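Okay, so chain A shows up in both of these, paired with chain B first and chain C after.
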Partner chain A sequence: MRRVAARAVAHACLLLIAGAIAFPVLWTVVTSFKPTSVLYDANPFAAAPTLDHYQSALASLPVGRVVLNTALVSAAVAVGQLALATLAAFALTQYRFRARPAAFAALVGTALVPQPALIVPHYLMVSRLGLLDSYAGLVLPQLASLALAVFLLRQHMAAFPDELIEAAHVAGASNLTILLRIMVPNLRPVLSAVGIVVFIQTWNEYLWPLLATSGMDRATVQVGLRVFQTEQGQAWGPLMAAATLVALPLLIGYVFMQRRVTDAFLRSGID
Partner chain B sequence: MTHTRTSPATSAPTPTTPPAAPTPAASSVPARAVRGPAPYLVPALLAVGLTMYGPLLAVTALSLFDFNLTTQTPRWVGADNYREVFASPETGTALRNTVAYMATILPLSVLAPGLAAIAVWRFGGRLTGFYRTVFFLPVLIPPAVGAVMWQWIFNPVLGIADAPLELLGLGPVSWLTQPVSAFVAVTIVAGWKVFGLSFILFTAGLTAIDANVMAAARLDRAGEWQLLRHIVVPLLRPVTTVVVFATVVFVGPWTFGVIDVLTQGGPAGATSNVYYLLYQLGFGYVDGGPASALSVLITVGFGAVVAAQMRLSGRRAGR
Partner chain C sequence: MRHRHTASFRAGVAAVLATALAAVAACGDTGTAGSQAADEPADEDTGDDVVTITFESYNYGTDGVGGEGTQRLIDEFEAAHPNIRIEPTGTPAGEIHTSVHAQAAAGNPPDVAQIGWSKFGFVLENLPYVPLGEVAPVDELQAHLDGMYPAAVELGMHEDALAGLAYSVSTPTMFINADLFAEAGLDPQDPPSTWAEAEDAALAIADETGAQGIYVDAAGEAKSDFLTQSLINSNGGRLVGDDGSLHLDDPAAVEALSMLGDLTGSGAQPAVGEAEAIAIFESGQLGMLVSSTALLGGFASSTEGVFELETAGLPAFDGHDVAPTVSGAGLFVFADDPDKQAAAWDFVRFLTGDDGFTILASVIGYLPLRPSLIDDPAYLGDFFAEDDRLLPTIEQLDSLVPYQVLPGENSQQAVEFIQDNAVAPIMISGADAESTLADVAQRARELLGQ
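And then the complex of A and B:
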């Protein structure tokens, strides 16, 4: 009996939290469909829904462009970090050399440096290289936060069964072949987990894209939405439509890959 | 650099011998490993050198100069930038706010998601998937986009956040223009954003708890509450460290986007944090020197907090 009561209380609390978390998103979507005349009415069904706000949002916010930019940059950072960290983890686990602890410390030590504190030198570097407003300029400074990737991949590679590696050596495989043909395919779960985590982390990055881009050409979703907001002022209807449009793609992706995404975060937490 | 492959079988050539534990025992260099680790290691070291440690040295050097990030030639000023940063009241406010954000967000990023994760784990049942999905949503909505959504809710006079207050007979609250309520608003949005991340991390910790331990405790007639206090909470300690760490790392950058949308650090710096101040110094006032000095101070402070945390958790694990 007490257990039933506890269960009921727990669900009541959890549903309350779920409601509080989902509300801003739902309210944004609801508002985006409300005609301007009833925008401030708390009743979501005060008038027939309209697509007007979407039309005016799409007229000045290149949604496809900013979503594509964000996706490209996030994917490039994720793939770049994976490539660098996989190679480094291979060196750190398969070779013994005097500088190994120092190399490991240098790579994992990046966790001690807060990325936003480097905006001044990053800006100087990227602008001197003429890379402002370019994908390369967006990606480069974000490549170095390798701590998580190196840490997890090293752990998994160290646990990799030596028999498999030896067998390949005996068969005459080179180290690179062993890495690419034997280790990487077997490490796919952890690679995809790290990739997903880094992708989402980069998707959330706001400060650097804000500095490294101007205008919509290379803007990420957040920067694009901010530019749109500055231009449109307090036009809440179009703004809510724009927010819905830029938030949607990743949420749709999440619906389809739900298990893999949460598993990725689960994995990066325990390992 | 000397190098040899650490593989057990190079030291135990007969294939029938069971492979020795992969201890770093010295072994002969097989012909194919002659090239060494350099080609694998150099790209990553180059990347962190060029985009992390190099810039860190550069910003440290720049903090001793006066410059404006574009045309002006840097002029040596010694420790003046640091003096300026320390003397500015904005720095004190931003630093206090950063600590205050950390303190107010921790309940939302550690305690609440921890309890929620335990509740879902014990009682979730068929709704487990639903809770996980909803709680995780804000992690996928970038901070500035989430802040725009909340801005509409906090909108004075017309925003929905006032509806419950009006029912209580309280007038409209101008959320984002009063120092305290603006700070609370930023905290709510940042907490909304990190809750799901912590929830997932705690869930990971809970699924790792051995079912046998729980079953054994239950055989000993441990009550639900005792189980929680004496088994679940102690076993969650390592994850809690990870969650606190994640909070420290993410709250700064994620709060930045929220501040930029909701308040731009106002009113009168009440919602600014050190990153926002850095952004204003460097890219609002284009005052490179003090911005660089502040960067150095942030890095030292952040590194100290993280290192202290690692030490603390290391000591706890050692016990």
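And then the complex of A and C:
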């Protein structure tokens, strides 16, 4: 009986926390349907719901375009980082060379460099390559921010059983075969975890897409939403409507991949 | 064996890298016409002597009146100048100087940019602007400036040269919820003209209606320092001396900023941040909001059906005249090609000319910096006859004081340091004004190398 009560209390606490976390999202949706005259009214049913903010949001922001841009860039960065970080982690765990600790420290140390310090060099590089306002220009600098991916994959590869790798070598397998046929399939959960974390980080990136794009042709979601933050004040209604619209694809994706996303954050140890 | 590089592994690595590079190159081809290498000539002279200039603006592309007004300015300019094409880019006000800095480092700055006065020090120290005297014929420039408020022209002066020209300018104003005034037994047509009267009115609103009384938007992010300067100026002080020294801890400044803390301490002002205060005001639960006139256009639509919106000038300190300074932005030219410089001057001249300021004032709500337009029925006469809410601050333009730029390459950091560590704590957290300003002034001087 006492155990049931304790579980009930624990679940009540968890429900409260979940409610507190979900409330801003819920209020975003509620606000997006409220007429401007009652936008700040605490009563969600203060007036009949309206689609005015959605019409305004769709008129000011090409929602489909920015969602597609963001999805393409996020997917490209996630896949690219996974490919590069897998190779780097393999080299850092399977090859012994004198500079290995220093190489690992240098790679992981890049995470300590604040992003604003890299903005001008990144801009110079992308500009001179003629890649401004292109998908490649958006993706390329973000591919280099792979310290977290290298760190996580290296930790998992280091824990991979030596016996399996030795046996493969004895059987005549090349390093590439060992990586692609033995390690990658066994590391699939952690690879998908890292991929999801990188995808979400890239989806939320703001400063680089802001500088690397002009106009809405290549703009990402985070850059696109700023059209509602003006010097004449925040257009809260259209902003909430646009935020709801751009969150829909992610929400749908989350419904189908809930377990994997949760697992990704648990494995990576970040939030 | 295990640690040996094998030929197949090297081939694999090469294959992955080659695939990645090919993909990147392919993606690069998908860029728009606007993406060009830094040293590549811009899209110009397409055969009909059309010159294309780039314009980076924090109003362009935004939702509402700012974006609409800027688009109209561009459309009308292009209609009047068929040989010049404007390629606009929208960048938020807080990041536009960083964006121009990055582009300038790549050798490809925008030809014209709208940059806030609070970043003027950064522009002077870090950006390759071209003084307007070098892009405009002397007599043409002088004739253009003659019709503007002298204080507005003075804003963009640096070492006897016109670094930039006042464009989207706003000054402090007091937004009033006329409904709350009436409910509290106050007359919205006779608003407080001094800070003492404003505090009394705020307390009356709080007592009689249960709403909040007043909020002075001096502790906000990024650009609220123009209000800090306006308060210090209006109390007979100044932030920067003639020799560039910082006067933040002078008695006039201490007294001016103490007023902010006193308002909060007496219950006349809520201890909240800028965004919350604006939300409270828009919801009809704040009697007075002292902020930038730039908010008028947004408030006019967001408060419609909520309460009646009125405006008044910046209140004065007892025994002193108001001496407001400005927020907003100037236009800076970065073009280095003579044809583009000529086109940039035409564009700047239009934006800050009669038609430009008419659109800026009537569509967006910025101040018309040409006094002759205000009563002229061909320009703003009819507009102001219908909606006079911008007039109280226009009347203050005669007492306008130029925005003061902190000297040195750390000026922007010093401004933010002062706002975050002095103004906000005094106003919101009840910090003692005298000791806080003395401490922060000392540390700001170190930052400025004084």
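The criterion applied here is as follows: the second predicted complex is superposed on the first by the 212 of 271 C-alpha atoms of A that agree within 3 Å, B and C clash if a C-alpha of one lies under 4 Å from a C-alpha of the other, contacts with A are read in each partner's own complex, and residues count from 1 in each chain.
Heads up, the rule we're going with is that a contact is a pair of C-beta atoms (placed from the backbone, for glycine too) under 8 Å apart; a residue touches a chain by one contact, two chains touch by 3 or more.
Every value quoted in this text rests on a predicted model; they were computed, and no experiment measured them.
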* For A:233, is the partner it touches chain B (first), chain C (second), both, or none of the two (neither)? -> second
Tell me the contact category for A:258 with respect to chain B and chain C: first, second, both or neither.
first
- prompt: Looking at the overlay, what does A:137 touch: chain B (first), chain C (second), both, or neither?
  reply: second
Q.
Under the stated touch criterion, which partner chain does A:25 make contact with: chain B (first), chain C (second), both, or neither?
A. first
Return first, second, both or neither, reflecting whether A:190 touches chain B, chain C, both chains, or no partner chain.
neither
*For A:119, is the partner it touches chain B (first), chain C (second), both, or none of the two (neither)?*
both
Across chain A, the partner (chain B or chain C) reaching more residues is B
- Which of the two partners, first being chain B and second being chain C, lies in contact with A:211: first, second, both, or neither? both
Tell me which partner A:106 touches in the superposition: chain B (first), chain C (second), both or neither. first
Note to self: Contacts for A:63 in the overlay, against chain B (first) and chain C (second): which applies, first, second, both or neither?
What the structure shows: neither
Residues on chain A touched by both chain B and chain C 40, 83-84, 87, 94-96, 116, 119-120, 123-124, 140, 165-166, 169, 174-175, 179, 207, 210-211, 226, 229, 236
Contacts from chain C onto chain A in the complex sit at residues 1-3, 5-6, 8-9, 11-13, 16, 20, 23-32, 34-40, 58-59, 61-67, 89-93, 95, 98-99, 101-103, 105-108, 168, 275, 278-280, 282-285, 294-299, 301-302, 304-306, 364-365
In the complex, chain A touches chain B at residues 3, 6-7, 10-11, 13-14, 17-18, 20-25, 27-28, 31, 40, 42, 83-85, 87-88, 90-100, 103, 106-107, 110-125, 140-141, 143-146, 150, 158, 162-163, 165-166, 169-170, 174-175, 179, 200, 203-207, 210-211, 220-223, 225-226, 229, 236, 239-240, 243, 246-247, 250-251, 254, 258, 261-262, 265-267, 269-270
Within the complex, chain C is touched by chain A residues 36-37, 39-41, 56, 60-61, 76, 80, 83-84, 87, 94-96, 116, 119-120, 123-124, 127-137, 139-140, 165-166, 169, 174-177, 179-180, 207, 210-211, 214-218, 226-236, 238
Residue positions on chain B within touch of chain A in the complex are 1-9, 15, 19, 22, 24, 26, 30, 32-33, 35-41, 43-45, 47-48, 50-56, 58-59, 62, 69, 112, 116, 119-120, 122-124, 127, 130-146, 148-150, 152-153, 155, 158, 160, 163, 192, 195-197, 200-201, 203-205, 207-208, 224, 239, 242, 249, 252-254, 256-257, 260-261, 275, 278-279, 282-283, 288, 291-292, 295-296, 298-299, 302-303, 306-307
